[in-house]
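Each of the next two complexes has chain A plus one other chain: chain B in the first, chain C in the second.
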Partner chain A sequence: MIWLYGICDQPAEALPLPAAGVAGAEPRAVVEGPLTAVVSDHEHDLREPAAESMIAHARVVEQLAGGDAGGVLPARFGSSLETEQAVHELLRDRRERFLARLACVHGRVEVGVRAMRLGAAEPEHAEAARSSGRDYLLAKLRERGEAGRLADELDRRLTALSRERRLLLLRQPRELLRAAYLVEPSAVEAVQREVARSEQRSDELAVLCTGPWPPYSFVEEER
Partner chain B sequence: MSDELLRQRDVALVDLVDRLLAGGVVIGGDLTLALADVDLVYVSLRALVTSVATAEEMGLTLPAMSAR
Partner chain C sequence: MSSPADKILNTPVDLDPFASKVAHLDDALSRRVRAEPEDVERGLAQLVLTVVELLRQLMERQALRRVESGTLDDETVERLGRALMALESRMEELKEVFGLDDDDLNLDLGPLGRLL
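Showing the complex of A and B:
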């Protein structure tokens, strides 16, 4: 079985390959035209999604993303192919798409942002609910409106700093925004400033910002 | 390490796992990880979160930026 870490568009000899990948196997390059897949070979299927494997995979991807020569399209964790032939076919079949995405992520980093509504507005709701259903709805709308409006504005400002932006699925009721932004490394500070500014503007809004990441969320064209 | 820093690390780990499992190039029907295994990953992650130092020892940087 062949484990896939990512796809690059620089020559194999320029790739910063770490000595050990998943399960201690040594990553190597498979070259097909202008594309290089970074893989490792395993005798058995790696079915156990162990935390160690995730870290090993992420570390190889990070190293590839950090290379001078440019970018990497990370493979989803757990991607594997049966044969080396299948790796060549993958690179051949999707060559144009891979090259286009690599050109886009080249030299850029991903920043993750999550905005959440804070505070328990429930007592106010309960009161409003007692007075009238209409007041209750208005109060609820106002509450969503304030933090939600700030989150929308933050999203607009961060999008303006970005080459591309992806909205990710919201996971919790309190979440107002979950997004990834593809930015120049030099723009990361500006992102942090925008996040700090929007947090200062309301006690009801908390914003978490992680990164810089390899471009995990930007491997496909926006749909 | 302060609680705040630890919390940031945890958030970064959750974000990393999200990216590993939901991001990245999908190569078709060859995903080793079956959907049913995802729960298992989160179990593993909880174990991992308790030992972030291990992740660092393994050479993985966990990027977390604070806005505060």
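Showing the complex of A and C:
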């Protein structure tokens, strides 16, 4: 089995390959035209999600992303192929798409943002909300409130700082925003400032911001 | 790789609301490993209800935007509200039937669940 870490567009000799990857195996390069896949070889199926495997995978991807010669399209944890031939075919078949995505993520980093509404749900809303369709919608609007508007505004401001943005549409209860932004490394501080500013403007808003990450959410093209 | 704490660019005023996702991740991983045959039906229900929940949320957001903008007449607002109320309570029933809670309806739907 061949474990895939990521796909790069710089020559194999320029890649910052770490000595050990998942399960201690040594990552190596598989070159096909302008693309290089970074892989390691394993006798057994490794897809069980052990924490140390995840960290090892992330470490290789981070090292590839940190190289200044080019970018990386990170493979999702657990991506594997049966044979080296299949790796070549993957790189050949999707060459144009991979090159286009690499051009986009090149030199950029991903920042993740999640915003939650704080404060207790107001039970009287729930009761009143059952009386009519109109009250139901108005109660939803009140519940979303100022924190919801601030989260929308934060998303607009961060989108303006980004080359691309991926927004997760499905939300958990109280979740107002979950998105990934592809930004220049120099813009990370501006993102931090926007997040802190939003949070300060309301007691009901909590924002978790993480990064910079390799561009995990930007491997697929925008639609 | 740097230490995990270095990856936090903004620590929220309250970290608790974010923590449920962490437990969910553990759960999802362990469930994936023990893919027992009797879990298959529940897994399918989880997938279908996650898609329905996504559509419900999108409809609700659209409705709220239109209510906020004030472009709907009273009768339409009432009708929309009743439809969404009925949909929400039907979702609650279905979640109960299949023994699912909100955290279970959190599958990664891939490109279907994302917006540029």
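Everything that follows uses one rule, which is that the second predicted complex is superposed on the first by the 199 of 223 C-alpha atoms of A that agree within 3 Å, B and C clash if a C-alpha of one lies under 4 Å from a C-alpha of the other, contacts with A are read in each partner's own complex, and residues count from 1 in each chain.
Please note the rule applied: a contact is a pair of C-beta atoms (placed from the backbone, for glycine too) under 8 Å apart; a residue touches a chain by one contact, two chains touch by 3 or more.
Because the structure is predicted, anything quoted here is derived from the model rather than measured.
A.B. asks: Quick one: is A:Q192 in contact with chain B, with chain C, with both, or with neither? Answer first, second, both or neither.
C.D. replies: In the superposition, A:Q192 touches chain B and chain C alike.
A.B. asks: Scan A:P173 for contacts with chain B and chain C and give back first, second, both or neither.
C.D. replies: second
A.B. asks: Which of the two partners, first being chain B and second being chain C, lies in contact with A:E32: first, second, both, or neither?
C.D. replies: Neither partner.
A.B. asks: Using the superposition on chain A described above, determine whether A:V207 touches chain B (first), chain C (second), both, or neither.
C.D. replies: both
A.B. asks: A:A58 contacts which: chain B (first), chain C (second), both, neither?
C.D. replies: both
A.B. asks: Considering only touches as defined above, state whether A:D152 meets chain B (first), chain C (second), both or neither.
C.D. replies: So A:D152 meets neither chain B nor chain C here.
A.B. asks: Give one of first, second, both or neither to describe whether A:P74 is in contact with chain B, with chain C, with both, or with none.
C.D. replies: Only chain B; A:P74 stays clear of chain C.
A.B. asks: Check chain A for residues that touch chain B in one structure and chain C in the other, and list them.
C.D. replies: Correct list for chain A: 48-49, 55, 58-59, 62, 111, 168, 188, 192, 195-196, 199, 207-211, 213.
A.B. asks: In the complex, go through chain B and note every residue touching chain A.
C.D. replies: Against chain A, the touching part of chain B is residues 11-12, 15-27, 30-34, 37-38, 40-41, 44-45, 47-48, 55, 58-61, 63-68.
A.B. asks: Note which residues of chain A are touching chain B in the complex, please.
C.D. replies: So the residues of chain A in touch with chain B come to 1, 3-4, 6-7, 45-52, 54-59, 62, 73-82, 86, 90, 98, 110-112, 168, 188, 192, 195-196, 199, 207-213, 216-217, 219.
A.B. asks: Which part of chain C faces chain A closely enough to touch in the complex?
C.D. replies: 1, 7-15, 17-18, 20-21, 29, 32-33, 50, 53-54, 57-58, 60, 63-64, 67-68, 74, 77-85, 102-103, 105-106, 109, 111, 113-116
A.B. asks: List the residues on chain A that touch chain C in their complex, please.
C.D. replies: Residues in contact with chain C: 48-49, 55, 58-59, 62, 111, 114, 116, 118, 129-130, 132-138, 140-141, 144, 164-174, 188, 191-192, 195-196, 199, 203, 206-211, 213, 220, 222-223.
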